[in-house]
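In what follows, chain A forms one complex with chain B and a second complex with chain C.
Now for the complex of A and B:
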């Protein structure tokens, strides 16, 4: 089954959605030409304007008072503007979104967007550097030219978060977005997305909170919607869903101050959308470690979990070293992603031990847990989650015990070594099946000489450049290092975008799910293979031979199975996942 | 600052309260690590530090809770100030709103805190003389009326940072009777964490 690499369904389904009148939406939005190169650079690579830009304004009623139901001071009303023009847009969008669903995800893969030369790697200090451009608003030409906006607003149209520009100055714009949503809802319908020229406007309604992405990055509707879901999850992680109660008491509640100081968190999540496969695979990845090393870490974490900690996670940057949960408690991969993003993007956690309330939206969106966070070194950190607000000193003791064991078992040293050495490289994919369970570099290209031009020899066998393997039962994935043809971050980001589209088309509810897909364009050959046990995404040289590529994919899978004890975490909690593998939708 | 062998060590829990951006974390980092960064990131939840300070023949081991100034964490504050031996309420002398916020914290401490808690008022960023909005006299008067002790501090230049902690230590060792460690205290339920302190005076 091949949903097809052809670009036409897209035209059929979506062309009708296009808003020809530029006035139909945010004025001039579609009419503004894009800034090409430098724009996308800015997309990800910007200076710091982070926490401070939203911090100062929070002298309104305290969170506590909100939660306890004290009266909120009266707010000025933001009268929603006339919905006449934007209402038109909404109506079209909603009526056509369903018919377009089949086409979404197999949009033609032309890439004229230019990507950021920013290293994607988990260098936390870089992430916080995104500029918010707080001086901009919707009247600024530069603001309108940005390729990907994210907004969070309330159902009364009050801005809560904007990726670019100062939320306060975007009140009018937020009101417009709110009007679009409510216009469609007034006709007992729900808006999914609107297409306006090159722009796609994706809406996600979560009770009193609306999330909107406006993008001209040619990502699929499903992909963008998934990103909005994660933005919402990140917000819940900080505030819990009980923030909804504030809106029940006061529909005009101004929520923005409650997110004070978290710009860096959202910006780093938005950056992750373009480099971290966990954002669309809904799986986490582990740091490769010798089985004995990981076992030592898991054993001590398990001890702690047995003594009243709900979850204990030892991570290195975004990679899990070990995680355990108390009986029957399981941690969703999205929660791991959001938690790691929160911790890594908040510099405050690195300066000392911290104790902070956080919510795991997939575990329980209504309740706070308390997180004890401690960094053992620059990138390795322990998170202990508990329901007890008074547990700090106990957790501090637990941490000391864990640290002792980790030091004695050399775990922290091994982690540092693994970080630099243990990556999976496509060059190491064994070419001969007989060489199973070795991880020696595959120099035996003679074996496949017919498909290996000199150009092909760059990268892995048969022109393999990169792969991602996701174990469905474990909710874990591994991805290879990037081969030299995609060494630069711009190319990597583009590949991830291609994977995301591929993922969306493989999981398309209307036409899929599909088992395999093979697609060739000018940039790569992409191959995807989904079975009951795993999903494999692989990128090859665009000239790669199909038969050879498929053969190599089989070997990659075999290789992964040979290495599985080192690259995946198998714990009691993961066993629980195998038997209770029943994650619902958000 | 290291404790001498014969010293009595007294543990003292100190909490820092104040508006976003007043400089709570900067004060603590200056005191604990001797560091200062111009753009200190927002604190998440609360950060824990410890530092010892020798006062005459006694040593005070501060357990410092640097709380986040963000509104959403306000409801957690009682967890930290209840049972605290001392609280430092911090404002930014170049920001009138932060002074108003500081007064609210003082009120809350007076209403809900432990009456034995030593409360210090710190007018931070004292190096920003050109943009001063809170006059030193105003703050001094307010502090006197409310039984606080007051200092202007600068985490950037280190002015009065050690002094404010030293002053707290002195006051704890002087006037304060031994704290009742269980009085409404949430965070220090670990029994062995509290060293029973003698009420002896010094200097």
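Now for the complex of A and C:
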């Protein structure tokens, strides 16, 4: 991991920007109608502050006061790093990369113009390693007001990680958390959560490691617990579960230094909780590609896998281009998520080819694998995983061979093109079954945009705003672009939260999974349909007509089936479901 | 979080202003059920609760801690008065049988506290009156023990679970009457109001376990209605099964757990069932050998009215299935017993005719226990503003499968959260919701909130499609709810 560089002049610019009074914000802000109701929704109160506090890293009390005064307004404008769908979000691609690197919303100056391409400025390379709001602790009002805290601590109360504030200053707070958990553990019980108004405190105990989330984002318990599981998985990815042995030897073991320098990884994961549906769907998404192109990529990866590589993954940002496992080895979607997050949030991987020990918690939480990572361009990268610590040069050779093939077969170019063009747009959902499109919408979107009810012309037919389709058998999902009524990142984030809750409701442990759910509130009509083969989640205009919405959901499913060869990866990886379904606790 | 509790449930009341010195923690505890619970365990439960209350205030200074959920227990919180907390601890069993709904349990705490306040006034004022807490502890002990006796089955407390998801505690169930009968009832209420001559009396009239009329505010009506269903209606007096959510199982004498059964304390036990009975004159009275005012229930001036902040005597008259609760302002009754006797006489002389007439008409139109059953539907309708509910008869609800009830319980829990969220974001505006779920057993479970009114429903024989379910709701709404939940 790179050590944190000093703030750059650009950052200082950001600091200035973020301190503008709300009245001085660009007019776009005022034009967004939801903003006033929104403050409850926001949890990613990173963006401006981080940018700002990094800009003026010697933050003063005056600073803090101003920050507090501005907090609500500022937060409202903050958006997920990639607000687009599962994406096809070419236009946000570069900013995603930069945010992953920055870990904390350094890219946000373009927030009010999400569609604008974001060139890599010096700020983007400069990734946040210096602690976020390190001057805060549990005595600071600003710290208490943060909307979503994450803590990792040991069962002796030693802080390991905190999203906000300096871990060392939070030792007392950490001890309190430990006392609560242990008190309950001592009576042979396990605390799950505490609720007070809109605040929820969720606990997860993993052997000697305690994870706690304190949030007022009104997410469901199941959702927050799933996020803690991923935090734990991310920690294992860096350290493996054998770290438990250190605690067996010395209960007072201080684990924080082992995670030194990985703040950006956790921050990027925490951001993913509000924009990446993979975090709650437990499925991965693919970059749409013509079948032949993907086949070319898969073939060469398969060759390599046959020669001693455990997994070979070609990815573009968070999307899989191709994925191959040796023999019966299969990758769990959560492992893909955590691995991609690790790679994308660590700038060092981008600058040179790397060989780094990592653990895939769902594959084998006890052991390290070795990951050879190489970026072909700013967002497409190859990861080769092996069990051999001495395989660097072999893998380097393999990579060269793969690169050769990819270049010859124009795969990398196609990938770039797909990033910019191959979006699934709700406007393209075929209205008449006879006009089914069987190729990617980018090539065939003309003539399809007529909608069922013209009065809901904004968005897709029948007021469709967005959908996510998950293939249960493939462990893959695909999601549409956002329709214009939910163009701004804040609205998108809110929709994701609604989806998360909806998902938890459909998959309730005691009574679920349900078959269908229709839900109407002031913000959306949400529709979910679960069969043996797929799960469909769709969001409509809140005034959408039920009958029409159902029709459109059927159309969407049919449309996806027509496109499945291009939007899903088939092949060896489809075995993944076996592994997925026998998975227990880490 | 029990070391181990045999009872399955604990209920405690504690005051965070007391016992702040180390070693004096016991002083916090005002009530603990079961009473024979070891002191160390009591302290441990309260220690955890206090710790969590303090902890959550770091982040949420305005909102109270509501629940601690762990693998084996649920701790449900209710801050009854400033710094006075009530916590119900429920042990979970391994199967889903103990699946519960937090708000339903909170309802029990709220209900017991408002009944307590009605008879004894706020806990804080009892503490102020006797800082040693002797008075508060004594009253809480007898009162809550008597209250819990309604939940006691065998030696265990049987608290609401997912099987009760079509019930709503803290609401009144009304009898629907025709216009003609309504006029009769109206004139009865007028006669009742004039029982004291120049000072108006308030009254509540019940038929069976349903409310017919009230002249009180919704809060006070609810409290008195609850009390009547628990102890005063013919069914309560004869200890017969009730279809009301308020009475469960078979009543077990709670006397054995009571330590203070001396006369003075007994006289102040309005929930002590065995002392209440209907006299030959039609008035319900408590048989206490005290020198207090006789003939009113209970004997000491009672009913601390939240709205009017006035103390009242309660006079209960019964004719067949009709129960009349007459409230006499304590201030207007100078000569106690004699005054009560006067009011009674006045009632018998002037209102008898109306009473008989109203009872006859109501009995003629009465459809029995299943009067509000709607074939094919299992439903609960709630109007939280007016504190009114109507539901499918419990006997019908039990025909629902476990899966449907579990799904409904979960849906209600989600709606509880949505409601409190909406309330926090804008308390002045009602937020509408509509949820239709087809559960894994193919039943439809439905929740709809429209303009503040709530409808919950399970349809097991619903058709395949969402549209079928929606049509069913629409029909129900048009037919039984004056279109309150209809789309147009």
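Quick notes on this one:
Everything that follows uses one rule, which is that the second predicted complex is superposed on the first by the 426 of 586 C-alpha atoms of A that agree within 3 Å, B and C clash if a C-alpha of one lies under 4 Å from a C-alpha of the other, contacts with A are read in each partner's own complex, and residues count from 1 in each chain.
Everything below uses one rule, namely that a contact is a pair of C-beta atoms (placed from the backbone, for glycine too) under 8 Å apart; a residue touches a chain by one contact, two chains touch by 3 or more.
For clarity, every value in this text was computed on a predicted model and none was experimentally measured.
Shared-chain residue A:238: touches chain B; no touch with chain C.
Contacts of A:510 after superposition: chain C is touched, whereas chain B is not reached. Contact with chain B, but none with chain C, is seen for A:346 once the two complexes are overlaid on the shared chain.
In the superposed pair of complexes, A:197 makes contact with chain C only, with no contact to chain B. In the superposition on chain A, contact of A:258 is made with chain B only, not with chain C.
Shared-chain residue A:473: touches no atom of chain B or chain C. By the touch criterion defined above, A:394 reaches chain B but does not reach chain C. Of the two partner chains placed by superposition, only chain C is touched by A:519; chain B is not. Residues of chain A touching chain B in their complex: 48, 50-52, 55-56, 58-60, 62-64, 67, 128, 238-239, 257-262, 264, 342, 346-349, 351-357, 371, 389-390, 392-394, 396-397.
Contact residues on chain B toward chain A in their complex (touch as defined above): 19-21, 25, 29, 39, 41-49, 66, 68-76, 79, 95, 97, 100-101, 186-190, 193. Every residue of chain C that touches chain A in the complex is listed here, in rising order: 1-3, 44, 47-48, 51-52, 55-60, 62-73, 96, 99, 102, 162, 403, 406-407, 409-411, 414, 417-418, 420-421, 424-425, 431-440, 442, 465-467, 470. In the complex of the two chains, the chain A residues touching chain C come out as 37, 40, 138, 144, 176, 179-180, 183-184, 187-199, 201, 214, 216, 218, 221, 501, 505, 508, 510-522, 546-547, 550.
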